[in-house]
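By letter and in written order, the chains are A, B, C and D; residue numbering begins at 1 in each of them.
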Amino acid sequence: MLVVMKRDATPGDIYSVKEKIASMGFAAHEMPGAQRVAIGITGNKGKINPELFNLMSGVEEAISVSKPYMLVGRDAKPDNTEISIDDEVIGGKELAIIAGPCSVESYEQLMQTADAVREAGAKFLRGGAFKPRTSPYAFQGMKAEGLALLREARERTGLKIVTEVKDVQTLSAVAEVADVIQIGARNMHNFSLLEAAGELRKPILLKRGISATIEELLMSAEYILARGNKNVILCERGIRTFEPYTRNTLDLNAIPVVKKLSHLPIIVDPSHGIGMWDCVSAMALAGVAAGADGLMIEVHPDPPVALSDGYQSLKPSKFRELMEKVRQVAGVVDRSVAAEVTE
Amino acid sequence: MLVVMKRDATPGDIYSVKEKIASMGFAAHEMPGAQRVAIGITGNKGKINPELFNLMSGVEEAISVSKPYMLVGRDAKPDNTEISIDDEVIGGKELAIIAGPCSVESYEQLMQTADAVREAGAKFLRGGAFKPRTSPYAFQGMKAEGLALLREARERTGLKIVTEVKDVQTLSAVAEVADVIQIGARNMHNFSLLEAAGELRKPILLKRGISATIEELLMSAEYILARGNKNVILCERGIRTFEPYTRNTLDLNAIPVVKKLSHLPIIVDPSHGIGMWDCVSAMALAGVAAGADGLMIEVHPDPPVALSDGYQSLKPSKFRELMEKVRQVAGVVDRSVAAEVTE
Amino acid sequence: MLVVMKRDATPGDIYSVKEKIASMGFAAHEMPGAQRVAIGITGNKGKINPELFNLMSGVEEAISVSKPYMLVGRDAKPDNTEISIDDEVIGGKELAIIAGPCSVESYEQLMQTADAVREAGAKFLRGGAFKPRTSPYAFQGMKAEGLALLREARERTGLKIVTEVKDVQTLSAVAEVADVIQIGARNMHNFSLLEAAGELRKPILLKRGISATIEELLMSAEYILARGNKNVILCERGIRTFEPYTRNTLDLNAIPVVKKLSHLPIIVDPSHGIGMWDCVSAMALAGVAAGADGLMIEVHPDPPVALSDGYQSLKPSKFRELMEKVRQVAGVVDRSVAAEVTE
Amino acid sequence: MLVVMKRDATPGDIYSVKEKIASMGFAAHEMPGAQRVAIGITGNKGKINPELFNLMSGVEEAISVSKPYMLVGRDAKPDNTEISIDDEVIGGKELAIIAGPCSVESYEQLMQTADAVREAGAKFLRGGAFKPRTSPYAFQGMKAEGLALLREARERTGLKIVTEVKDVQTLSAVAEVADVIQIGARNMHNFSLLEAAGELRKPILLKRGISATIEELLMSAEYILARGNKNVILCERGIRTFEPYTRNTLDLNAIPVVKKLSHLPIIVDPSHGIGMWDCVSAMALAGVAAGADGLMIEVHPDPPVALSDGYQSLKPSKFRELMEKVRQVAGVVDRSVAAEVTE
């Protein structure tokens, strides 16, 4: 159930609706919009009679929601969600450019990459400290040491840090360093982690699971919003199909579809999506043309020696060239990208 | 086996190599390139000793081909294939814009659409006269009558005609009217039809099967080239995945991958690919940004009454708007699109 | 629309209904059942008013069909279809065992295999004379010569012949030799071939396309039945999924589902389905346990030298062992398999 | 690296090899077999020189492992793993029959089901107390209260308890009650949970992820074995494919493939696999015929009122009928099933 308030509803009207919902034993979720407020109701098992709200002061209409999600949907909040991180915004006119190595590997590797992506115009540095890996014998990340290096990189460059959390146990350590906490594709259905992330107020970058439908991605975001954290950024990073040539099939169709269904921002990770460095730029440009709110790109100063995902990483020079084209395509679709830093 | 000739090989050198191949009972396929000629050998069952050619006059090297395809690969012909259709070229700098209704339905519907897409800058008119349909009870197209209307539309507008052939039996009738003969996704593995198309010299637009790998698409093109028809245009039109929200999953990853592996042009059909008119423009722009050589877009003057695929068709006004954006994205990736016709 | 007749409807009642349908410009398809007759109506574009038939003599009820198929559905014919081929029946209590090489390769290979599978209890010999192949350079079958060998094998062993038709052009040649005409997975959506097969009255073995849904398989069978050929046997042979270890994913789920939806018999091809000889027996037994009406198994006297599919072929001795187990599992699910021939 | 010991290697020989591995800073995993012992080495980043072990006393050979898994592979342990749970064994001749409701819902529901499945011959009771659900608003299980009911059901019936763990936080509570701890499909890539399960010695039932390859399933089992818990039972429960009619596509191909690659037992869950109660029996029988080591079947006394998965649950009477057929098919493939309890 969604109670849509009138444009001129007073704070008192809103308070009354929320109180009534609480008195019924349900949870009220206030969703402020540019034009009006909507209040989602969760916790009910059966249908709620809309008449209970329709006659209250300030209520435009109470509508039953047939889609399985509610808080993430456009019905609940018609205008785009913009997420502020200090002076940066994700979901606004400027595209969020997140770049950096797959894994934090060393001081030199991280600082060299951070400097390079900052100069090319990125505002966010990615880098994994805790790495979920298919094999128990593969490099699992530098862990706490990696987090410390990321903190240092932020101090050095001013870049915001995007890094992945692997489990509930290490969430608070990651949250201390990260400006945006990434939940990876393999954890998209880790509901306990989603719930814990929902208790935070830091932005969460939620990646689509390798075989998750768009609706399932939205439902996982709903888990986070239902706990009160409205700062969720979705990320398309490729799905598993029958095609063996590419690592995954980057599903850019998800961009216009998510934009239609949800108010949350969505970015694209072409590096994991196609998995071959020489095809990353084409897919990055395509993602921006399709309407994505940002890009997440793997950049490594020396891809052949990377401890993970070297084959899909761009060299800094290649990244800088890509950024120039990204700026131009962004302009065509009424978006912008920060300029190169030329000092 | 591929015999790559030297840049200064004489016509006599080339003749000698082809004669030698013929004397061994195999077929020789001359592949002229901008810089040099390569000669493909097919028909052999086992390995051929490269030494038989390496010492001949004008031969640079004879190389064994490990990929399953040969004539369609970049090894055989490093530079892009450009296909001329009178004064139009597919695969050159200018993008091929193919637009029109899914099915030819009536004189008014076709002429109205043809006029509109021509004015918006399209150079090719699409429209199905023979329609392969999943149900035997669905509209199967206007057939011969539809072909006659397409011929009339060409005379009226000057647009080149792209129309689908459904089977070998109707191939010659279709070939008489079509400037480009389309082989649809469900016929990508109809080898008898591919062979018949290979005997023609008209351009063939070969659509990727709904569950065909990129390599299988190239192998089907190889069937056509192996019979001597080098005028093949590939088309990505969406693959079948687990995602239920979109009609298909338009696989734009195929664009940079095909560009890497093959010299053939490849275009994108976002209408079938995503299957929802309000998402077609996003995917069309993404396809151009990804490097496609053209677009195939369904346009209908009155989508709700279309006999097939109305839900994914653009109205003429929407198509014109899209074309304006396509022109701009094309410019970013060093391509161009014909201007609107403003008389 | 489906007109279900009463149990005691007279031939005259049935005739009247069919005449009425014809007078409306539609086609009537009589579907005789054990208990009652149903008459399918096709060719109508819009809804037909059921009242037009409900009051006629001998009519039980006229029901609108919401599923996209009609003639193949259980609504049209509740009891199982049994297909007679001389003295053999497919779809009855005895399982149809079809065995033999992927391709006909030589006199010795075919006769040796035919003798062996006959002795093990098979009643049908498979063997391809026309082979659809992904590569234009792969062995395409012995063609007419292969058909002649199959004819000879039938004379020698009494086995019925199951062989694949590749296109409309060679259909009559294949139909002359085949007792059951196979339409392969890649032709399941070759509608012109389906229509031509529908004009025949010989049994058609229709294989599920590699990415065809169960409903699409039924729709392709509908094409054949709609032309009057009711002798269709479906075949599950593996679908394309993300799993790379097996050649295909044999989808045994299709067996109980097809049994629920359709009256047509369905058999299983575990050889193509899983694609590894040492796993074929497990999947064959599983297919019988799941309720299949028969098995199609590749058997080759010397798999390593087979011109196609050697890796998935059983040796005759292994096939004989499998048959012994098949007999026992068949007994558990109230089916039977012919005994070994021991003279 | 895998060090295979001679059949007559002494405990002292084995000790020396393990000590040498430890001295190199790696971990040694002793894998006792019926005929000989193998010792797996993990923790090394590069190749280890086999010569370091080949000359040691009692060593048959030291072999490099090219597959990504080691401890779960047949190379490490050629004979089947049998897992003892008090007086029951999973992976031996007798099939493990696990049955019960999807979710524990009430005292009556659980005890009634437990009594019924015990009488039909099941030795294990399934029932979820912690339920991972796609929607945050769906029933999430009775949690601690559900565990208490499961404990009571064990005391009442003697059935062993199989119940799912959702996260690391509740693992110890679940482990206190469960005889077999289930890790569900959505947690197959929850590496932190796998590691925690690896620290236990209780048997773990690891379900295949909905889009996990067979190799990935084995890698997740490897995570558990690498921590020292060798008691892992795999479970095929259906994969996600393009087919919309069935809930999932139960991939029985995984049974013979896993049997070939791994020594671990594997069971089948046809209820989730096909997702329709009237097709469950066919797939259960097929699973046994394919060689599974057991079945996991959803049984509910009143499916239409189940809080989850009612549509795929069997009634007790139907389950008893199925068990009778399962016993017969088991006999054909040299397996057995406990008799009905008739007192």
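Note that in this section a contact is a pair of C-beta atoms (placed from the backbone, for glycine too) under 8 Å apart; a residue touches a chain by one contact, two chains touch by 3 or more.
In this text the structure is predicted, and so the values were computed from the model without any measurement.
Undergrad: Any idea if chain B and chain C meet via the same residues, over half in common, or different ones?
TA: same
Undergrad: Measuring centre to centre with C-alpha atoms, which chain is farthest from chain A?
TA: C
Undergrad: Approximately how many whole Å separate the CA-defined centres of chain A and chain C?
TA: A distance of 50 Å separates the two centres.
Undergrad: Just how far, in Å, is the C-alpha centre of chain D from the one of chain C?
TA: The computed centroid separation for chain C versus chain D comes out at 37 Å.
Undergrad: Residue numbers in chain D touching 2 or more other chains?
TA: Within chain D, residues 211, 240-242, 244 contact more than one other chain.
Undergrad: Show me the residue ranges of chain B that touch chain C in the complex, using the header's touch definition.
TA: 42-43, 68-69, 132-137, 166-169, 186-187, 189-193, 195, 210-211, 216, 219, 222-223, 226, 240
Undergrad: Give the list of chain C residues in touch with chain D in this complex.
TA: Listed in rising order, the residues are 211, 213-215, 239, 241-246, 249-253, 255-257, 259-260, 273-274, 276, 278-279, 282-283, 285-291, 325, 328-329, 332-333.
Undergrad: Where on chain A is chain C touching in the complex?
TA: 211, 240-242, 244
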